[in-house]
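In the two complexes that follow, subunit A is the common piece, with subunit B as its partner first and subunit C second.
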Partner chain A sequence: MTDDKVAGLPAANAFFLALPSLVVFVLMGFTPLVLIATWSFWSFDPDTYWIKPVWSLTSYVALLQDGRASVLLRTAGLAGLTAAASTLLAVPAATVVGLLSGRRRAALLVALFTIPFFTSGLVRAFAWRLVLGREGIINNVLISLGVADTPVEWLLFSDFAVVLGMVAAYLPFAIIPIVLLFARIDQSVIRASQDLGAGFWMMFSTIVLPLIMPGIIAGFLFVFVVAVGTSMEIQLLGGAGASSTSIMINDVMRVVNFPLAFAIATVVVISLIALVIIANGMLKLSRLFEELGT
Partner chain B sequence: MTRNRWNNPFQGIQSQLSRRQLIENTALGVGALAVGSLGLPRAARAANEVNFWATGTLDIGDDGWEIFMNESGVKVDFTDNGNDPGPVIAKLAAGNANDIYDVGGLQGGSEKELAKRGLISPWDLSQIPNYTSLWQWAKDIPYLTYEGKVYGIPTVINADSIIALREKAGNVDSYGVVFDPKLKGKTAMEDAWINSVTFTAIYLKNAENTKIAEPGNLTADELGLVMEFLIKHKKDGQFRTFWNGWEQGLQLVVNREVWVMTGWEPIVYAARDRGVDCYYAVPQEGYEAWGNNAILLKGAVNRGLSKMAHQFVNALLAGFYGCKLGTRRGYLVPTDNNVAYATAHSAAFDRAKVKELGEHVKAKFSSKVYWQNTRPDNFQLYEQWWQRLRNA
Partner chain C sequence: MTLDSIVTGRTNGGRLLFTAIAALSLTIMYAPALYLLFASLNPDEQLRLVAPNRYSLTWYGALLDDHRLFGALKESVFIALATAVLATPIGLSAALAYRAMTRMRNIFLLILLSAVFVPGTIEGLGLSVMLRFARVSPSWVTVTMGHLLWTLPFAATVSLLGLSAVKPNTIEAARDLGASPMRAFVDVTLPLMRGSLISSFVFAFLLSLNEHARAYYLVGRQNTLPLHMFGAMNSGASPTIYAFSGAVIVVSFASVALIFFGVARQQRGDDGERRVRRRLESVVVLR
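What follows is the complex of A and B.
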């Protein structure tokens, strides 16, 4: 790549190629975020039910009251747990697809992993209520096998149910980036390690794992970000009144407290951007775009 | 969402936008994620067309609206407003709802706030002859008027209480059962302060003699008492869950996840259809009454559609709409015109059933009722307390 060429294209052409995406990003992504961040410092106007440009930190103070800060932390905690569990499941799953399967079987497996996306998230989450409930499939099996005398209550309407529902829903987000990295590993590197006598675990831990690490981190982040933003699983599977940042924003919007809703959104977005920047700095996510094993 | 039971940015660009207009229009583009879908201005429409923006419950379907048009001369374009008063008010206050819709249908309580801010207009009752047919207690709903003018026309009315599984809960006649430690983990309430706080206030006022003046409009002190009570019971593990929407509520009953819960009467009928032995309790503390009221949006008046809007609301009370809605949803328009219409159109409607529905609701209202209020004076304080409850 030279200074005036991008992937073989003259830089000017490359710029024009990227321009539509750039415009969309700025108009529909960046600008709203800046406005929301700005308005979060404005004040609620009870006379108009809207906001007025009176600068104030009221919303950020309110964010620290009534347990709102703990909702942010709790959302991050549940999302972190979900992302960690998804990643733990995704690595072996992606290894089967990327390392141990032929092309046709790999394609089939990837298609199977995307099945959760074929139906609406609401239906998916709701279905777990029928599986985990007091008269659900699992409790029926446990009782009929004599493992439990009475229905296990914590299976549903609990953090366990929420994390389970989110992992089932968002696991593909963790698998796909790793599978993509597997596809880019130079097979000669693996063959060389085998020629040198490395067993599967030696080869996997010393060669493959470092190469797919950016995919693992990317998958973790994908799941984390999606889980932070969801409310369905928490509303349908969580305990009485379980909350998340999305639910809290909805609650606040119901009472037209726009500045507070904007403040919550701003804190979440800035936190997520910071997380991605830190992850990139520490774990070199940019390697996702490099050649592997060469 | 409180009662979802069943279940522009591109307006004419002005050469000089004020800052507020600029903010509002930009906000509509930006705030779509938070406030929900915004809708776009409609194409040119017929002179007799009214855009009715209301709770899905009030929809009588294309076939119903067609007959409605033939009988009233008003063509209705129905849009579900989602029924959550918060976003509806937000779209009226900061969005473009007034540019699009003519008549709203909303859970009662917000009329005063909307009228105060000039977002809705008063109805001219002389243009609604059928208004006189409304049952008096429906006309007397406290929040329909502001400064002596009528802003809300009761379109649907009912009263809610407790759903109970007969085999598990026995005979229930008090909200106290929802808070009974013997049913710990087997009870539920709605995930909405509008309903759950009101139910709890009704219980505390009547069963525990707590000093509460109006359960639908609590003072800060009263609200504190009610919420501390709810928080204590939540911490004790009393509630299995707080539910949202028709499907969730029904599933809790059908799968016996909860044995008693505050909820909507149609859930009982649907659960019975699925073989569940449940019933709707008659609570000694009284019902939580609610009304879904027609409001005249200011935009309709500005567009010269006031007369058509009045003609539309008059037709809502004429009888056909009440019969159709009762048949389709089991909800009642509080007027005797329903029975009169069913009598005159016996091939289309079962008069006995129409009459039975009316008598059933009348019977509820003959006992003690407290009106639900979607916009109590301290509504933002309600939300703060609800957060504390969520986190308890």
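What follows is the complex of A and C.
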């Protein structure tokens, strides 16, 4: 194809069209990450409160001390829990959109599932405090029903609150990839299975589930990656002393230990990149977006 | 195309269970924000629901005296506008590039989407130390750079979606009528993408307005709105922060909903056909 029929622009322009976005991504996205990775092997300079080009592994040794490694693992654990819970909600929710709704309702549901993403995450996380707090609506209901005598304390400022807040915030990331795959399922396959007498559950587990599996895994991965990076929910809803990699970076930066902050960031980014590359190799995630292309 | 759902018959409880889980999902996404909105109408210091006849805008009135809040709001709106003004055309350009690419398009797409998945704190920290190294002092410009990186993948995706809705035969018709590729693009493709470009702009604006982690390391002396709010939320929140959160909820939900349903209306066919014909006629007349 030498001529993109849709845009009406010749293919030779592709490079120039890509240039502005590439400049943004390379200059403001990649270069800082490469600098961080390099500078994580430099040393702190107490004279300038900055760094000096003396190569050392001090930061990576420090990474393994003071329980920092366990914060990294805890962050991954909470993100994994969030991704698992989101997936459990997203598969049925996306199935309602893709299989059990007419076109009108499907469009409405997709809009409803996407809209909150573009609103303030900060406010939505903060709102959980009102719902889950000692005086919150859940405790009020529990007490008035006689289920609890005193307010349930673990609802707020706990890992429970953090995971709930993250699931509510990042659910769209799990739902949308599955919905994209539903759009590509050939409806006649499902009708055929029903004509042949397969019940709903048989049809769902043997035909639908395998077809949407790449979307399920992609959604899990998206939620996991985003949940690893966030700090808002933990800072607003987590217990006293609850930490995450992002909070740890902020704490280390507060005492201007640049190389250590860079080392933490490097480990996180490299782990995430490795995860995405492995998943992309296995699942060809970029194919999810294929119909955007041709 | 049918308006019915694919599965219509008996589902042995499947429909009920799945619909219940979808409803639960929507509940945890929307209920807390709605609860906060109604609680913010409580005139007392105690933030909980009150009877509708006691609703009052007391705390919303108190907002008007919060000058630091308005300073942060002004800064954030300015940055969000600058971000959206840049992200929309760059995103469109990236979408056009993707469409024109053949072999490199998957790599290009991965690069485009990668910025969404790098943690904001790390992205912000990295950009801020690079700019410090280059002796650029932090200001609204540096925040805008961070936000551009964050919003561009979304702007590009929305443009890509809009582009894929433009039917190839429309462009061919314009070319057959003698329009140059550039004329066809400017007079046919671009107007047909109007809805997507507006969405792209509004989404970039909102994502920037609400972004917290990236701005943390990039701001100069003036805080952005989310940074100011985060501070207020963590320091014995006064009811005004609830009122302001309520205002943020109403404004942001309303603007995204408008975009979504505006686009849905536009895509509902008849209107689109008419616009295509009008575009093509303009090509003929102006040739």
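Convention: the second predicted complex is superposed on the first by the 253 of 294 C-alpha atoms of A that agree within 3 Å, B and C clash if a C-alpha of one lies under 4 Å from a C-alpha of the other, contacts with A are read in each partner's own complex, and residues count from 1 in each chain.
In this text, contacts are C-beta pairs under 8 Å (C-beta built on N, C-alpha and C of every residue); 3 or more make two chains touch, one makes a residue touch a chain.
What you see is a predicted model; the values in this text were computed from it and never measured.
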Partner chain(s) touched by A:Leu236 [first = subunit B, second = subunit C, both, neither]
both
After the superposition on A, what does A:Phe160 contact: first (subunit B), second (subunit C), both or neither?
neither
Once chain A of both complexes is superposed, is A:Gly121 in touch with subunit B (first), subunit C (second), both, or neither?
second
Subunit B versus subunit C as contact partner of A:Phe258, first or second or both or neither
both
Does the superposition put A:Pro20 against subunit B (first), subunit C (second), both, or neither?
second
Looking at the overlay, what does A:Leu89 touch: subunit B (first), subunit C (second), both, or neither?
second
Once the shared chain is lined up, is A:Tyr60 touching subunit B (first), subunit C (second), both, or neither of them?
neither
Hey, is it subunit B or subunit C that touches more of subunit A?
C
Footprint intersection on subunit A (subunit B / subunit C) at 31-32, 35-36, 39, 126, 130, 135-136, 235-236, 249, 253, 258, 261, 265
Touching subunit A in the complex: which residues of subunit C?
1-7, 9-12, 14-15, 17-19, 21-22, 24-26, 28-33, 35-36, 39, 46-49, 89-91, 93-94, 96-102, 104-106, 108-112, 114-123, 125-127, 129-130, 133, 145-146, 148-149, 152, 156-157, 160-161, 163-164, 166, 168, 171-172, 174-175, 181-182, 184-185, 188-189, 203, 206-207, 209-210, 212-213, 216-217, 226, 229-230, 233-234, 242, 245, 248-249, 252-253, 256-257, 260-261, 264
Interface with subunit B, subunit A side, in the complex: residues 31-32, 35-36, 39, 47-51, 53, 65-68, 70-71, 126, 129-130, 133-136, 153, 156-157, 235-236, 238-243, 247-249, 251-258, 261, 265
Taking the touch rule as given, give the residues of subunit A at its contact with subunit C in the complex, in rising order.
1, 3-11, 13-15, 17-22, 24-25, 28-29, 31-33, 35-36, 39, 89-90, 92-93, 95-107, 109, 111-116, 118-124, 126-128, 130-131, 135-137, 140, 164, 167-168, 171, 175, 187, 190-191, 194, 199-201, 203-204, 222, 225-226, 228-232, 235-236, 245-246, 249-250, 253, 258, 261-262, 265, 268-269, 272, 276, 280, 286, 289, 291-293
Over in the complex, which subunit B residues touch subunit A? Could you list them?
19-20, 23-24, 26-27, 29-31, 34-35, 84-87, 89-90, 93-94, 113, 117, 185, 188, 191, 234, 239-242, 244, 247-248, 251, 255-257, 379-380, 382-392
